[in-house]
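Heads up, the next two complexes both have subunit A, just with different partners, subunit B and then subunit C.
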Partner chain A sequence: MATESAGSQFHGYDVINRNLRARLFKTGSEFSFGKYIGSEQLGVILGQYVGDGNEMNFVNGNPNATNMALWHVGLMALAKDLARLCSSGSTIQAEALNPKFAAAFAAVCDWPAASARSDSSLLAFWVSVMSYDAPESEYTAWKDYFQAQEFSNAGGEKIIEGLLATIFLNPYFLLRA
Partner chain B sequence: MQFRFIVPVLLMVTVFIQVACQDGSVPGRSGTIELPSVSPTEELSGWAYKAWIGKVARLLRNGQGLTPADDLEALSRLKREEVIAHFMKEPVFSNTVLDFNLYFLGLKNGALQTEKGMFEGQAFVMPGAITSAREAYSGKDYLKLLDWEQRLFVNPLRKVPFPMEGQATPSPGAEAEAMREQHIQKGIASMNKLVALAEGGYNKNHGEICRVMLASDGPFNALSFAGVPGNLFLVLRGMPNWFGDVYLPCTSLGAVYKPVSDELAIARIRTMRAHFDKLVEFVRSLNPAQYLPATVMELKEAPLKELNMEGQVLQFNRGSFALLLNSSTNFNRKRAAFVFKRFFCDDLTPVAIESPALHARGAHASEPSCQACHYKLDPMAGFFKDLGYGGYPFHAQKQIMFDDMAVTDKDAYQSSWKAPEGAGRKWNIGYVRSLQFPSQNEYGETVEDLFGIIKRAPEVRRCIVKRLTQYVLGEAQFVDAGYLQYLAAEFEKESKADSSHAFRSALARLLTSNSFQQTDPQSSVCYDYAPGENPAGRPPCRVAKILENHCAQCHSSASSQGGLDLTAWIANAGQMGFKHFDSAGAQVPVKESFKRIAERLEHSNPKKRMPLGKFMPDIERAQLLLWANEYLQGGE
Partner chain C sequence: MNDLNMNRREFLQFSALGLGSMTLPIGLPAFASTLAGAPKFFIHVHLNGGADQTYFFDARPLEMTKAGLLQNYLGVEPEPWSGSNGQKTWVTSIVAPLAEFRNEMSVLNGVVMAHSFDGHVENMKYMYSGNPFGGAGYLPFLNQAASNNPLDTVVQSYVNPAIMPVPSGVSNLGATLTLSAAGARSLVGEIKNGTAIDTANPWVQYAQSRMKALGSGQGRFSLGSRNMLNAYRQAPRLANAIQKIELPAQTAENTPQTDQFLPILSEAFRRGVAQSAVLSYGDELGLDVHAASDAKLQKDKYTKAVGRVVKLLKHLKATPIDSSRSLFDVTTVLVSSEFSRTMRQDSLPIDQTGTDHNALTNSVWLFGYGIKGGQIIGASDYQSPNETLTGAHKQMDLKGLKIMGRPFDFKTMRPRTDSPESFKITDYLTFSSIVNTIYSMYGVPESNYRTLGRDLPVAPLLPGLLKT
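Take a look at the complex of A and B:
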């Protein structure tokens, strides 16, 4: 039998929705990731428990073209919507963010200021979204990538969109460990 | 500017830093939990330790994980057992236990709560799941999960009641509450009307009584429209001492449940009336304006004694029977298969049987190939023999009605479970472990007896541990059978004294296992072994312990009968396999060796079937056989 990673299935809609709500928003927030994929009903395509009640099974957990595309569309849209908080036009109220994420977010909005690009700002941002779900090497690779010269003149909104999207689409964020 | 949106995974640097072995100190049960020493676990520090804390938080907080309010730096200064104890003390841990219980019962859904304060309907299908979660959190008896008689915990009322015919859906708030009260008042009025009608002659007024009983503003339907939680409604509807005798003759079950005498009916309806006000009072206390439980510990319990329902809330209720339908041709096998799969972890993989001639007499399936499952499925199904349509009891009826509405003579139907002359028991109903070794079996007659067996059976406690392992580590993760056996043995031992402590301990062992702390676990690798086990040179971890327990006595290096040593896993012509010599002393090719093993495992002749003359649980036989067949098809 081929060796297979136990973490090769998506966490699924419910877990990701809950993680996003808990990490980015205040307790009791009405946030729903369903808004970014068109409907909560589509959550089943992203991995969900279904059954007749007598036998419930987790379905659509294996990545395929359809669910990967839907994750991509939804998470990119969420990243873009959040990033707009640096300027205007976001559908999210800044007051809805939890204070820890809001502080990390605000610091990076100032990009390309040195303080925004600092290790401490990026670590706070990473941990507030990813928590410690990924190994340190993932954080280091991500940080080094964005601290490269290529992004030294980028604006805060665009950078935040990229910072979030790369975390959201990281396998350690999306897949079961 | 362009972004590449997937950060390449550069190096999977494990930051495990091995430090001097922790002493596994036991903080005791008062403030924390006893953390047993398992197989040597790598010590973690820094980032990896925080990652482990995050994983533990996610599991023990039912998916919530760390929040911005957590002081991770402070948590990371605690020892692992202290971290686990910290999260187990939070009331939300009771939600994790419920989530696991639902997983164990095959009822797990995505999110435990559909909205703030509202638990998923599945959580109430088998009431033992909630009772046990509360017990585990409070340090009481976790194994109430397996009790037949249960307590009744309920959700809040629906935020907005259902409108009756001609009414518009009300807005939440004052309008909704006014409609709710209207419905409740209609229920009270109907209840009073029923008393008057019954006192005027139950049988004479039977038609009108049924009309009032079944109307949308009838006593119980009105409460349902008011938003009463489904599990409470279903229980009320099934109460023999509340409703059953006078309600069932009004329904489609009237074909079997005939109207009772005036005397009994009046007594029943008066009892219902006497308790109806208390029921209404309890229903009002479930108003979501005051009652929104965030955790299992906050769920309200129905005062069964006050409501005259004591001893009437059972593990299988109307909700569970609605999922386990029994047609007139199914003979309760669906219900039996559910019990096997959920409580015994036996998915009825056919592994053939000892000898069809020994037991094919008069059972429902007489074909030997079918008997591979039916020899145990049918006796298990018999426990449900008195329960017909919707799980309603038909003990006192001459006929029985099934979920497909067919009606048949009850004695004729139940005769399939009659034990043969000289069997020493009335019914051939029981948990059959073996036909060859009848002393291994346990017999009974009713579902209550079945739950007595479930509560005693070591297989069920092993099943809890197996499911807990899958719940924590993932279903795809291989686990050494010896490690699993070790966890189960500890659970078995500890649960005799304190089942809640045993559950927490088993969970703690898994949370501190090597498997759990892997960042990228490989599903086919076993990361943990029982203390003292040395996996070097052993057969693959999936089956090594099963071989050791059931086969090694005759097939080891000391006694390799048939030239086969099932303890030695060696390379043979580029493939791994057992040491297996033919009569000429030549190594048998790996495929041939596995083919012979598979044949002997499922041979129907007791003289050839392995292990020879010894009992081996079907689940382990199936596990071994599946592995051997997989190996034959591709090799591991």
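Take a look at the complex of A and C:
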């Protein structure tokens, strides 16, 4: 069952937590991804530097069933919570969002309106979450998937959950280059 | 128990397809055939920090202390302990609680570790991987031979996550999880209560399709993407197994981490989450007693260490794995430190000295499944103040501060009586021989067996250690 250890490892909890906070929330936000995985202490399972001061090691960085299960649980929960901002029931305050992300988010909430499904809306959404960590081909594949007929009648909340979940679980988002 | 029964069926199918055609070590086919079909688990209890084996099963008479050679803060003469194989050793009262397991345990004394290195990390790397510079650890190999569990190994960390009992140089730990008891409890709760991994979910399907597409190349990132996909595909099985874990009631905050971890570990074994574990029993106790003030506390430290081992063994015995067997019946437990300690520190009074690292000897205790119990195997030197040390000893221990393993005859499984003039590792019982013997029990291919060093032969097996 051992995974091949020569492959890219996860960025780990601290980097992803920082990226999520910086990209999705205003500067100074108290956002913590730990809320979505039950406890910040579980961050070590998602990859983290640990040590005793003499030697620091990055542990649990290779993908395994446990850290993937926890990434899934946490990122899906965050995607759902954010998506609820389109309606109500989110634990997140809309005012706490990063203005760039908030604008992209609001545009897509109107799905399936043509403006929400447009290339420009999807590109703004992609860049606000993925930043420039993935090549254009990855964006194109993602855009084409969501612009397909299958989602032409879906609601905004459902689509935003999908848009976020599929970016969050993309190797370019989670793995070191 | 349904999930366990299913695992056993799966294992039987696996055995029929795979294990039966594996190359078995010469001299051990009967043993291997009796194990086929049985679930088996492995626990390495690591007394990390470097435990002085003269306080356990390789004690010395007080005359060594009176002669100013060996610190002994117990101040009590050791007792003789005879093995069923006719070998004898001296033991302290600290190991008395283990007497009830004496027919189910064997002790190996005089085990040489990474003999050219005195550091903790180098010797830990040697212990886990067979190489002081690191390499593939031995525990995942045990699982690859006979497991379909989503995790290879669960490593109990003392403080989450301040201290790593398994050093980073051990390379094949992709399916190994390091966490504290509290972390394990949180993880189980979170996966039980979180969003199920539904493979019919379109977002999951899309994410997996991208992992597959990005994993089709040859580079490091592609390999990482493939690993991600494989892990994601295994995750539902892990989540299902974790769903069945029944967490014990929360224990008091001051309960040792090691005790808190036990019920979680046994559930992980029973529910098919993992098949092996490393339990770190040294960090909480502070076994690295360089300072005399710490060395004077060794009685308390080692009494607690033995108490925790006893608690583990009793827990395994009290945990059923099916209607007729306990977890102890199907689990091999190995207890070891990364090395032993020097007899004293140079130029200090014998009643005011701490001790340093000694990789020239160590003791390993083996319990339970597959182990022929009651034996004392191997021995170390410096049994009395007047003993004439070998040239090999003097070569390796210039200041005469160390006990060293005696040369070992692998055919008779007894210490040799000759006195080598120079050190050759092939003359000694090493930790690698123990690992290779365990490999043979688990059907690990011989190509993975440890050697005694670069350009040296495979470490010889110890067939008499195993039940036949």
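FYI, the second predicted complex is superposed on the first by the 170 of 177 C-alpha atoms of A that agree within 3 Å, B and C clash if a C-alpha of one lies under 4 Å from a C-alpha of the other, contacts with A are read in each partner's own complex, and residues count from 1 in each chain.
The definition used in the following text is that a contact is a pair of C-beta atoms (placed from the backbone, for glycine too) under 8 Å apart; a residue touches a chain by one contact, two chains touch by 3 or more.
Here the structure is a predicted model, which is why all the values come from computation and not from measurement.
Novice: If you stack the two complexes on chain A, which partner ends up touching A:174: first (subunit B), second (subunit C), both, or neither?
Specialist: second
Novice: Does the superposition put A:67 against subunit B (first), subunit C (second), both, or neither?
Specialist: second
Novice: Once the structures are superposed on A, label A:93 by its partner contacts, choosing first (subunit B), second (subunit C), both or neither.
Specialist: Once the two structures are laid over each other on A, A:93 reaches no partner at all.
Novice: Look at A:77 in the shared chain and tell me whether it touches subunit B only, subunit C only, both, or neither; answer first, second, both or neither.
Specialist: second
Novice: In the superposed arrangement, which partner chain does A:120 touch: subunit B (first), subunit C (second), both, or neither?
Specialist: In the superposition, A:120 touches no partner, neither subunit B nor subunit C.
Novice: Quick one: classify A:37 as touching subunit B (first), subunit C (second), both or neither.
Specialist: second
Novice: What is the contact status of A:101 with respect to subunit B (first) and subunit C (second): first, second, both, or neither?
Specialist: After superposition on chain A, A:101 lies in contact with subunit B alone.
Novice: What is the contact status of A:152 with respect to subunit B (first) and subunit C (second): first, second, both, or neither?
Specialist: Touch partners of A:152: none, neither subunit B nor subunit C.
Novice: After superposition on the shared chain, which partner residues are touched by A:45: those of subunit B (first), subunit C (second), both, or neither?
Specialist: After superposing on A, A:45 lies in contact with subunit C but is clear of subunit B.
Novice: Taking the stated contact definition, name every residue in subunit A that is touched by subunit B in one complex and by subunit C in the other, in rising order.
Specialist: In the superposed arrangement, which is not itself an observed complex, subunit A uses residues 1, 3-9, 48, 52, 55, 76, 138, 141-142, 145, 150, 161-162, 165-166, 169-171, 176-177 for both subunit B and subunit C.
Novice: Subunit B touches which residues of subunit A in the complex?
Specialist: 1, 3-9, 12-15, 18-19, 22-23, 27-28, 43, 48-49, 52-56, 76, 98-101, 128, 131-138, 140-142, 145, 150-151, 154, 158, 161-162, 165-166, 169-171, 176-177
Novice: Can you list the residues on subunit A that touch subunit C in the complex?
Specialist: 1-9, 37-39, 41-42, 44-45, 48, 50-52, 55, 57-60, 62-70, 72-74, 76-77, 79-80, 138, 141-142, 145, 150, 161-162, 165-166, 169-172, 174-177
Novice: Enumerate the contact residues on subunit B facing subunit A in the complex.
Specialist: Spelled out, the residues of subunit B in touch with subunit A are 1, 3-15, 46-48, 50-51, 53-55, 63-68, 72, 106-111, 116, 122, 125, 323-324, 338, 473-474, 476-477, 518-525, 630, 634-636.
Novice: Over in the complex, which subunit C residues touch subunit A? Could you list them?
Specialist: The touching residues are 121, 140, 143-144, 147-152, 160-164, 167-168, 171-180, 182-183, 186-187, 189-191, 193-195, 197, 202-204, 206-207, 210-211, 213-215, 220-228, 230-232, 234-235, 237-239, 242.
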